[in-house]
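Chains: A, B, C and D, in written order; residue numbering restarts at 1 for each.
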Amino acid sequence: MTAPFDVLRVGYAELFVTDLAASKAFYEGVLGLYVTYEDDSSIHLRGFEEYLYHSLVLKKGPEAALGALAYRVRSNEEVKLATEYFKNLGCRIEVRKSGATRGIGDAVRVEDPLGFPIEFFYEADHVERFTQRYDLHGAGAITRLDHFNIMTPDVPLAQKYYEGLGFRVSEDIRDKEGTVFASWLFRKPTVHDIALTGGDGPRMHHIAFNTHEQHHILYICDRLGAFRQSDRIERGPGRHGVSNAFYLYLRDPDGHRIEIYTQDYYTGDPDNPLISWDVHDNQRRDWWGNPVVPSWYNEGSKVLDLDGKPKSLVARTETAESTVTIGADGFSYTREGDPMPEYKLGHQV
Amino acid sequence: MTAPFDVLRVGYAELFVTDLAASKAFYEGVLGLYVTYEDDSSIHLRGFEEYLYHSLVLKKGPEAALGALAYRVRSNEEVKLATEYFKNLGCRIEVRKSGATRGIGDAVRVEDPLGFPIEFFYEADHVERFTQRYDLHGAGAITRLDHFNIMTPDVPLAQKYYEGLGFRVSEDIRDKEGTVFASWLFRKPTVHDIALTGGDGPRMHHIAFNTHEQHHILYICDRLGAFRQSDRIERGPGRHGVSNAFYLYLRDPDGHRIEIYTQDYYTGDPDNPLISWDVHDNQRRDWWGNPVVPSWYNEGSKVLDLDGKPKSLVARTETAESTVTIGADGFSYTREGDPMPEYKLGHQV
Amino acid sequence: MTAPFDVLRVGYAELFVTDLAASKAFYEGVLGLYVTYEDDSSIHLRGFEEYLYHSLVLKKGPEAALGALAYRVRSNEEVKLATEYFKNLGCRIEVRKSGATRGIGDAVRVEDPLGFPIEFFYEADHVERFTQRYDLHGAGAITRLDHFNIMTPDVPLAQKYYEGLGFRVSEDIRDKEGTVFASWLFRKPTVHDIALTGGDGPRMHHIAFNTHEQHHILYICDRLGAFRQSDRIERGPGRHGVSNAFYLYLRDPDGHRIEIYTQDYYTGDPDNPLISWDVHDNQRRDWWGNPVVPSWYNEGSKVLDLDGKPKSLVARTETAESTVTIGADGFSYTREGDPMPEYKLGHQV
Amino acid sequence: MTAPFDVLRVGYAELFVTDLAASKAFYEGVLGLYVTYEDDSSIHLRGFEEYLYHSLVLKKGPEAALGALAYRVRSNEEVKLATEYFKNLGCRIEVRKSGATRGIGDAVRVEDPLGFPIEFFYEADHVERFTQRYDLHGAGAITRLDHFNIMTPDVPLAQKYYEGLGFRVSEDIRDKEGTVFASWLFRKPTVHDIALTGGDGPRMHHIAFNTHEQHHILYICDRLGAFRQSDRIERGPGRHGVSNAFYLYLRDPDGHRIEIYTQDYYTGDPDNPLISWDVHDNQRRDWWGNPVVPSWYNEGSKVLDLDGKPKSLVARTETAESTVTIGADGFSYTREGDPMPEYKLGHQV
């Protein structure tokens, strides 16, 4: 299948935050992202292997929300192809001249069929790549943006839409009746650029940054303890079942969820095998069987439309992953075929 | 204060298990301890930096229980001094000739004033120290036994008893009213050889082994996932508040709790500062604020008397740490002075 | 520029070795690669994230030599395009039916313009991907083949040839007079699939495998010490200047050079910045300034033609990197502009 | 054997440096030691697990030299016993009142029988122990001073002297004819507090600091690369044969040698086995067989007498380790019994 335009990878996220100073203390002070630029209304940040102007833009706003998720495409020509594509789909479109976002060239923003504000761009100002500026590496030693994760009510529908953009599925979570609870798709040859999490949507579930080693992630936790901000740790650190990556989920000062993620695998060949996980497999989301906390299933960031107004939510109508795996009639197993006790967290209280 | 006899450090634990093959699969197959000797009734194991015959003896028994916790003393003369000391205390005593435990020389076992079966020995057969046998290191790369942790109803009383043996306190957990919930004491210059956990006792809470690096502990978790035994992970991995060590708690096939532990600090100077933690500090047991699961507070291994009969339990009469920190009227804080919500696990369900 | 056919990435190397048992002890026993298949004449091996039949084939032969370097292309159609391409170049060609190499489908081998035996294939048998078989991971925990490195007399010529195949340059080493000493090119978005090292050629310099973390590489060294085979370590471990990867060079029992390599960076965007290193920069090949040993510059594996006969060598006519950086009139600097002493190794003897 | 007074462990080193700003940039800026105090004439530094005022004092002086190596003893009473002991030996003595060194209580300095300026103290000001101040940990994450290493012509004589102070030998390097080339002795239960390196003396070979993990040491190298100071790396990183520790040797701006060291083993039991290494074993000093550079064997810091005058050197009369292992008639083996080629460095040039 040919893609209608050539998406390279995740490019950057634009998040609205209510207190820039608090956000800076978190993203620069705790995680160790580098500030490319800041003024009274925004902060532009990047990881140490990134040479584009930013992979995260924080904008001061009246409430926490997602402004846009931006994908990088292969050329300015592809930006135009994207514009045509979404016009033909009947989506609302905003053509953005170079500089509409500081550091970014000509771009298009769309309200995509799933209700998300999505940007496509190619040109971006180059800045110093700090790969070997070990004098500046610190804290999390975050290398680069890795992926986005969004909440959407109908996962198969959303997957079909993304496959239409040329993304391929690497892994998913299903039950035997055919319900799909979540799906992971990629353009760059990693497990994902975008994950689709079944839930009321459109909401942003999280954005994820990459590090080189596991100890970098442990050190972020240690630092949060030292700052007496351990309550920013929502889930993990742990090993994912899906993707096999080592992970940590944090909540920023506005509640936006940030994942730190390392060591998934190469997916770039056309015959890369799809991995399907049973929703009742208690190692699917944490290979060590540690419980997924309910907030992780239930909470997400509001999403803005192209006027900057919050999108209203469409409820998921299919079963929620949390309800089929936690408590009441929802159960998981560690060994398939074993009786399914409630999962570890349920047991523990 | 002078010690009545000179304890060097923790020596070995003798655990009764119901299925030697299952235990071997866990201690050798998962953790990577080395088998010094095995027959139909027992397995003797050690870590790769240990040159004494064993630091763990598993004995086949009708039910899971602690047979003995053994301390190494400085010489055979000290074994005799220990014998006299406990005679004078009126404790029940068993003088054990060399070989009573395979690999161990003349020793004495006592039912100590806290109700535990404790052995003191000096002589032990030497075996190859595998420090640089990297061809044999595997899995957890466990270096040595680190400490014992026992459940006892009256922590100040137990602490006084151990101080009487020449142990010194490194850290403890208290509340402002003066209740002591737990206490850590040492002879070798680490945070502890013995930890006292307030609770119905005598019970064994856990024994702990050391590794060199954090990733060795993460790898044990990964392996348990691969063996589909992630349900052996009870708590962690995480960073302790107390001791600052990186930790993991597992349950062996009989439910005995095993900790893997690394990177606490040197305590050997006489003026080593005592660290007291507030029981309401949510980072005291996990520096990252991850919840302590109730089973960790409530469950422990039975303890045998010198006839091999299970000791009956004495209930803790002071408040339990779990009840003052979890749910109902029990609360913790991340930042002292903040309102105290229920701790993370309570929140999450 | 459009590629004449679509190369995905390095696929596998076929090495002739003189003693299969000795090779197996090294590749499986020391490095921890998995044996997919073995018989009296060959061993097929792979890393734990690889699902194709092999990434390394060892064949028993009368002398150590490179049999072929194989690239994977996107489809069988691309194999045909490759065949046409090299026919048109006038290269010698061997069309290989499925199974000509066990596990590999229809393929073509060519003697490329640089004199190397190169294969292009798409189809390959799938085998279990051991990503989460942590029970099997061991030793080096090698994930996958990363790149090839070849010795060729004229680097700019070779670079032009590879750019003609659609490879892009990520880094190179030059002097101010314009001599190019080495060049790194990629198809998959890492620093390289192929590196060109200036020297008498055609010879194979090394093949490289990937791990996730630095400690996996240190552990390989520790194991070699335990096996009393530390003399297999030729250079490193260390941090590369070029690529920023953490590395180790070993020599297998036949003298083939194997690199273990981790943590280079993403190069997949069209504007990925080229990094040019000054040949006199003493941190270019080892970021820590540790000396490159002369054998690393001077030795390489013989290369066979399509009849299995050793290719004769063409001498490099431009200056050698070793002679401009070591001893006599060759010097390096740690800080540009400083006087250039002989490099550290020269100093030390 | 009873010690004449009770040494706990290495306490601190006093080094004269010629440029305090340059030294601070190294010890604080590169290694990440914490400055307890500084003024125009001195800087006091410590590791993050240390609660005494300092473990390193840098004093401005006209030339680089060792001012004193200080051991901590168990009490002020032991300081007096030490004073008596050295008086009886006829050594030159300087009784130092509290504060003679900022932060240190009553102490005695002696010119010991080996010609070194050695201090014994107990009292010291306590400062904050930064164990869990992960917000401050950085760079090398150095935990504490680990040991001293000195060059002395007659190793058996020096060993006898230190054994007389109650130190015990953990490891040594010998040849079959009985020459002792180096010896490691300890009071705290690690491999050493003091190492004796055969050579012209008295000179200081190095002082060593501890970290928790290997990657902390690799990161120091990476940072030195980023600072374009890779020429401060003299030897390593590597794995020691002796001690099994992971190590790195640096030279500070005045040429003082500093080791970063981690993961040796517990030696605290009375029957801790002595390990003797053959001087011809090429893995004794580097388990991976990487060459010891000649400067490491030959260079050391001057040592001052109690008047602050440099001590003159006494030449080693027995064979030097470097001459029996490098070039000419000196050879090493990787596998005992194999022919002994010149060691790797000799080969390489």
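By our rule, a contact is a pair of C-beta atoms (placed from the backbone, for glycine too) under 8 Å apart; a residue touches a chain by one contact, two chains touch by 3 or more.
As the structure is a computational prediction, the values presented were derived from the model and not from experiment.
Chains that touch both chain A and chain C are the following: B, D. Fewest steps needed to get from chain B to chain D, stepping only to touching chains, is 1.
Of all chains, the one whose mean C-alpha position sits at the greatest distance from that of chain B is C. Taking C-D and A-D together, the pair of chains sharing more C-beta contacts is C-D. Chain geometry summary: the mean Cα position of chain A and that of chain D are 49 Å apart. Centre-to-centre separation of chain C and chain D, using mean CA positions: 41 Å. Across the assembly, chain C contributes 132, 213-215, 222, 225, 241, 287 as residues in contact with two or more other chains. On the side of chain D, the complex with chain B involves touching residues 8-9, 49, 51, 72, 74-75, 126, 129, 131-132, 143-144, 188-189, 212-214, 241, 244, 263, 265-266, 268-271, 273, 287.
Interface residues of chain C, counted against chain D in their complex, comprise 214-215, 218, 221-222, 224-225, 228-231, 233, 237, 239, 241, 246, 282-283, 287-291, 293-295, 327, 334-335, 344-349. Residues of chain B that touch chain C in their complex: 132-138, 213, 215, 219, 222-223, 225-227.
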